[in-house]
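Some structures to go through are shown next.
Shared between the two complexes below is subunit A, which has subunit B as its partner in the first and subunit C in the second.
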Partner chain A sequence: MQHFWDQPLSWGTAAIFAAGAVGVLAFVLFFVTYAIYFERKVIGWMQYRKGPNRTGPLGLLQSVADVAKLLLKEDTIPKKADKGLFVLAPVLAFVPSFAVLAMIPYSMNLQFADLNVGFLYYIALSGITTIAIVVGGWASNNKYALLGGMRSAAQMISYEVPLVISVVGCVMLSGSLNLREIVESQAGYFWQWNFIPQIIGFAVFLVAAVSELNRTPFDLPEAESELVAGYHVEYSGFRFAFFMLTEYVYVYAIAALTTLLFLGGWNAPAPQLDFIPGILWFFVKFAFIVFSLFWIRATFPRLRVDQLMGLAWKVLLPLAILNIFLTAIGIELMR
Partner chain B sequence: MFNFNIEFTGEFVAFFLLAVCAIVGAVLAINFTKVVHMALSLAFTFISLAGLYVLLGAEFVAFVQVLLYVGAITILMIFGIMMTKHDGEGQEPARPLLETLAAIGCLCLFGILFYGIRSAEFPAEAASLPADNTLEIGKLLFTQYAIPFELVSVLLTVAFIGAVALAKREEDPQ
Partner chain C sequence: MENYINSYVIVTIFLVLGIAFPILVLSLGRILRPHKPTTAKETTYESGNDPVGDSQIRFNVRYYLYALMFVVFDVETVFLYPWAVAYKQLGLFALMEMVIFAGLLLIGLIYAWKKKVLQWNSI
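Our next item is the complex of A and B:
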């Protein structure tokens, strides 16, 4: 993609960019469809169930059928809802989640936008989704939805802080916020990937990322037992589908970010294995992270509300700051 | 003063669209009657401003703007609004005299700003922007502007401690 950046914008390159965006959208939709299938299968396997196995061979068409059901469902808007915001919220949630995918470098030569501030871009845009969740919860005019939206916003704001600070160590090691340069600085054997020198940062990042995604054990915004379903309790049909889609697109984005920041991106575990294309390595690591997210979901109980904020501010934040100090000392000593 | 010679480049079109978005957001923020709608249209203005910063090659400022103003401040405002009741929302009584005066004031302000901008001399760029301007900002912050930077962080710490103290006092009614 890179050689298009330096050319003047013509209708031809604009068409190529648009086609690229549509291609990413198609790929992401495919990913989401089969991530949901994979998640249900993995969780079923871990809980001695079979998971979906009726629709299509091995249940492969289950997610397709689910989406079709959602799209064909009657679309309801509560009578006392704020109609404009109720309609706007799913869109406002989805658009940033898709926009963050622009900065992900899949391999050396496959990236849509090379930003100097790649990681910051992700954090900034994911904040807009938080607004959409709060607004969706408020516009539904339902107390469960409002509570869910509030919890979600409080959680996402709190966990954003350790998430950002845990990455500072990586940025210090590579001397750049640019994701491509961060990956390049991890070239070599697998122990040069950031997850070993930055083991504290990696741990904090993983916990904060799971929490940012609102997934178990941090899925308090949609705790069924207390909140019915959380911020999207009044949503049905394709609007609900949009919220679910947003959630899984963020799974995609976080898995890609973890791969890039801590697992060496498209670098092979050893230089001898470089003959395998980088994009394959990227997707192997990516799939591993996605699997780990489902694994965590299948095996952990949910946190209590009062423990949630304590974990972010009293454990993760000091650890992330400690990580910065240790990294600075390490860099000084190595020099 | 009024001879605008505008080249219709992609940059101009993008600037025009973003500027219109920013103004529309600001105007809507004043005209909406529900406070949540106002907060959202403010967020819209902030995002458009971030777009303008990107256009000027200041990606770092742009995304920090989105992160802080849209991600944090708007959400805090919405939080505050949702926690409080707003039954008394409605049409305010019209005050024609005040509104006329405000309109005249606005026009004067616009005239002054317009005159100021049009008559200002903009020196040609001394040096082109470095490619990685985030890196340059970081370097400047920790060398040339280290003391102002530290002072700002002290100020923020004071504000932070003050906020904690205020919140604590409200918590336990003696």
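Our next item is the complex of A and C:
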């Protein structure tokens, strides 16, 4: 992709970029299909069950069958719902989740948009999904949906603050917001990856990221036992599928960002292992993060809502700000 | 310069594709899925009971307080990022400035904490 960047823009290069974007979309859809399959499998194994194993060999076609089912389901829109907003919400949720993927570098030579704002681009766009969730909850004109939507908004904006501030430490160490330069600054042995010098930032980022994804133990917006399904109670068929898809596309984005910001991106754990292509290292770390998300889901019970908000403002935010000053003092001492 | 323009083109392509994909799939679904609405199907879901009253009520004021706190700290991050990118060139003086700036905001956080804004009491 890289050498097309420096060529003057023509229809040819634009077509290549468009083909790349379609490739990313196809890859992400493949990822989502099998992430859902593995999530069910992994949680099944952790609970001494088998997980899906009937559709296709080893149940491999289970998610495909689910998608086909959702596509063929009748799409009901409640009479009291605000029809325009109801239809808009799933699309509004999906668009930023996909646009975010434009700036993720997979290896030294495979990145789509080379944005100097890097991480800020992610933050700016992922905020729009919060609006989509509130719109979905409001437009449904359903009590569960409204409560779920409002809780979701409160949770997502609360956890966005520590998420954003925890990354400042990484930015200070590399002196750039560009994700490729952040990865380059982590080259060398694995103890030079940001997760060791930035251990507080890493911990805050992980907790805040799991919460931003609305996953267990922070899945209060869709707490099944009290809110049925949260903001998407009234959605059926493929509109529901788009909310689900958005959630998993963000899993993809967060796993990639964790890898890039804290786990050295495509760098090998030791320079001696450089003969293995970087993209492989990237996806090994990426898969580990995705697995950890499933693992967390199978392990922890759900928090109470007051504990959830208390954690964001009273624990994570002070820790994230402390991390910035510790990093600054560290840089001063190293000078 | 080309790099700069091309990056914008790529972001636009992702954006357009992100909009086109749901529209395409949802209109494809319209051909495939059945459409037989009845009044029972169109009622609002409320655990099997007939829905009572309107749902689009006023929110609890607490949500607005959290939104205000969010705005305060999000604006802080807007200042933090340029500072962090340039920190290695700026040195100790910039650090002191940031200590004062973050200190002022932390006083605000402590104030909100003491005022029990961060206390979640019902719903």
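Quick note on the criterion: the second predicted complex is superposed on the first by the 335 of 335 C-alpha atoms of A that agree within 3 Å, B and C clash if a C-alpha of one lies under 4 Å from a C-alpha of the other, contacts with A are read in each partner's own complex, and residues count from 1 in each chain.
Definition applied: a residue touches a chain if its C-beta (ideal position, glycine included) is under 8 Å from a C-beta of that chain, and two chains touch if they have at least 3 such contacts.
What you see is a predicted model, and the numbers here were worked out from it, not measured in a lab.
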Partner chain in contact with A:85 - subunit B first, subunit C second, else both or neither: first
First (subunit B), second (subunit C), both or neither touched by A:239: second
Partner with the higher number of touched subunit A residues, subunit C or subunit B: C
Partner chain in contact with A:115 - subunit B first, subunit C second, else both or neither: both
Which superposed partner A:153 touches (first subunit B, second subunit C, both, neither): both
A:176 touches, of subunit B and subunit C: first, second, both or neither? both
Contacts of A:138 with subunit B and subunit C, given as first, second, both or neither: both
Subunit B versus subunit C as contact partner of A:128, first or second or both or neither: first
Subunit B/subunit C common contact set on subunit A: 9, 115, 120, 123, 138, 146, 150, 153, 157, 160, 175-177
Touching residues (chain side subunit A, partner subunit C) in the complex: 4-9, 13-14, 17-18, 20-22, 24-25, 71-81, 90-91, 94-99, 101-103, 112-115, 120, 123, 138, 140-147, 150, 153-154, 157-158, 160-161, 164-165, 168-169, 171-172, 175-177, 228, 233-234, 237-239, 242, 305-306, 309-310, 313-314, 317-318, 321, 324-325, 328-329, 331-332
Touch list for subunit A against partner subunit B, complex: 9, 82, 84-85, 115-117, 120-121, 123-128, 130-131, 134-135, 138, 146, 150, 153, 157, 160, 175-178
Partner subunit A, residues of subunit C touching it in the complex: 2-3, 5-11, 13-15, 17-19, 21-23, 25-26, 28-30, 32-37, 39, 41-47, 51, 54-57, 59-60, 62-63, 66-67, 69-70, 73-74, 76-77, 80-81, 84-89, 91-92, 95, 98-99, 102, 106, 109, 113, 118-121, 123
Interfacial residue positions of subunit B with respect to subunit A in the complex: 10, 34, 36-37, 40, 43, 47, 50, 59-60, 63-64, 66-67, 70-72, 74-75, 78-79, 82, 132-135
